[in-house]
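The following block contains the structure, expressed as structure tokens.
The letters A, B, C, D, E and F name the chains in turn, as written, and every chain counts its residues from 1.
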């Protein structure tokens, strides 16, 4: 068993807000992230798949197919978007680094030919990242 | 003469739009950046000052003062903001990497005690940056 | 279950020395690190916590609280310090990357509100790091 | 138990090719990597060992010995080499990132004094890497 | 006047060899780089253009056009290639970092719409790079 | 004319102190850096040389010779050292990033065969660096 990880990037806007709270409560909980004009990040996504090495090709996964799935399922939906306003899974849940990792897992799960999704890592900034392993 | 450079970071949203153009013209010129919901980046700012080394301290510039000026004049105004909507200099000019570099120069010029502003570099992403030397 | 990692940095001095050994034995075991004038590094600390995502906030941990704990328990004690001379846990144990990771675990364990400490990673240099998972 | 990771680098050429296939099949499976003139990469190797911290030295592993083993067993054999043409384990298996990780594991296993090999990670490029844990 | 820099990457093989010299002389001058099987690198290219900011768009150069020129003139010719064997300008000149920078300048000069080529920087590895300013 | 830059690293301790000042004045001017136990950094050095490309080799400078000069003149003297206590040029001048850059220039000037020293850049940390061009 071996793990293979590929990175991709997307640039997006977001803010944190809880509709059930007052503006004061939102500011207290989320600080500068509660600014509803939004702010943004260059997100880095690492997708790790697990599998056996194919003795004919030497690959765990076809890299072109993996790249295409990541592009189609994630980057096309998130890049140059406002996550709260344009991405359905964040209508009701804050697009925190944690929630983005879970959402990307759900977008990718079962769609990678010949390998098992093992981990989704999302960096919001170089000094902050979340890991999700499913389940 | 020696150059001293200090980095800072800010995360912000922006979009590119020309009010004099139709939506189609904006899309053609600016592509995905014309999405008026905005998208965002982790910007990296490098401020370079030039001067002589003070023989008593060994400094060209007091690093604490330089950091405070960068924080007060730039980071406090740009970080976790939507540049088009909340920063005055981008009401009438697109917040491109080039224009952000020029705007930061204007915010910093003449405010750094004891040293001359030499260069402002702004990274929008690790693979794209602008340099402005004034004048 | 999700993992959330935050980085911090500190700059410190250290040396390696075993009081029970002669200077020759120390030089043989520790090479240039046995220089008792000390040398130093920019250390990078990664603290990983594990937990469930709070459905109200979207957070595993309050990032402000995590940052404050890391600052108070680790950075305030280690940054701009000589680890052998000024940090109690290294009076009797060499401040190796391994021992620093264990010491930081002990400083942080039980102090992070609402999440479980999962891993402490310490980089002494970009090409050398230690991971400690407790226990 | 603690993990200690050390990095090294090597620059090498490779191509992907299956002798049992036609040129068209190779091009279809491997794209630009099927160019038999070869192309190359700056590979980054991370070797992680596991063990207990020696209370006398504070080390899991003697770093000088670890570096020497990595240099002798891997870097001396791979650096500035054409992997397909000059490294025996890639005569019959494509030097994919996955296969390189497995091959390095086999070169290092049992040769690191006093610690257990835990993981071999190989980066072909900053955005693509493989992890092998043995077994 | 402002400078705008965009990065691109390519992976290629090369070796250093002077046909007028014996094998011994080549080995003495070029060390491991004289291995004619070739070895390779992940090259990073930085292209800097100079110009005035267009007040309508906020751009010095159309980024899409700049990217397309870099892709067509450089990356398509160099990526996944053996520079000595497949790129004409290195038939008679070693593909050193210096010569690659000069060759890329010549490929790009006069082809970037609306801006002046200012600098070509080529990284062979993160710790080695060449800058060429033309002329 | 072309520029060629090579990096090297060294880890060292230092502090900032002016003997003519009281402890209070030193603390006010230098903050945490006035701790006389010392603290340390992983310094990164970039040495840039300028020259013509030799048409026979394709080199501006013999990289092996450049590396050897940097190793002998700088790294051997600074690495794993306490700059204030063990490096003569910092007996009377604070080892600030600025002064280190000037001192390295003086150590290297005139010692690089066949090329002219153009710039010395010293990073004390990734977000702080000094450039010295001589004269």
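The criterion applied here is as follows: a residue touches a chain if its C-beta (ideal position, glycine included) is under 8 Å from a C-beta of that chain, and two chains touch if they have at least 3 such contacts.
A quick note: this is a predicted structure, and the numbers were derived from the prediction, not measured.
Between chain B and chain C, the least number of touch steps comes to 2. Between chain C and chain E, the least number of touching-chain steps is 2.
Taking the options B-F, C-F or E-F in turn, the interface that duplicates D-E in more than half of its contact pairs by residue number is C-F.
The greatest centre-to-centre gap from chain A, using C-alpha centroids, is found for F. Counting the residue numbers that touch the partner chain, chain C and chain F have more than half of them in common.
If you average the CA atoms of chain A and of chain C, the two centres end up 29 Å from each other. Computed from the mean C-alpha positions, the centre of chain D lies at a distance of 34 Å from the centre of chain F. The centroid of the Cα atoms in chain A and the matching centroid in chain F are 41 Å apart. Shared interface positions of chain F, i.e. residues touching 2 or more other chains, are given as 126. Pairs of chains meeting the touch criterion are A-B, A-C, A-D, B-E, B-F, C-D, C-F, D-E, E-F.
Remark: chain A residues 16, 18, 29-31, 93-99, 101-102, 126-133, 135 touch chain C in the complex. In the complex of the two chains, the chain B residues touching chain A come out as 9, 11-14, 32-33, 35, 37-42, 79-82, 85-86, 125-126. Considering their complex, residues 1-8, 48, 53, 55-60, 63-64 of chain A touch chain D.
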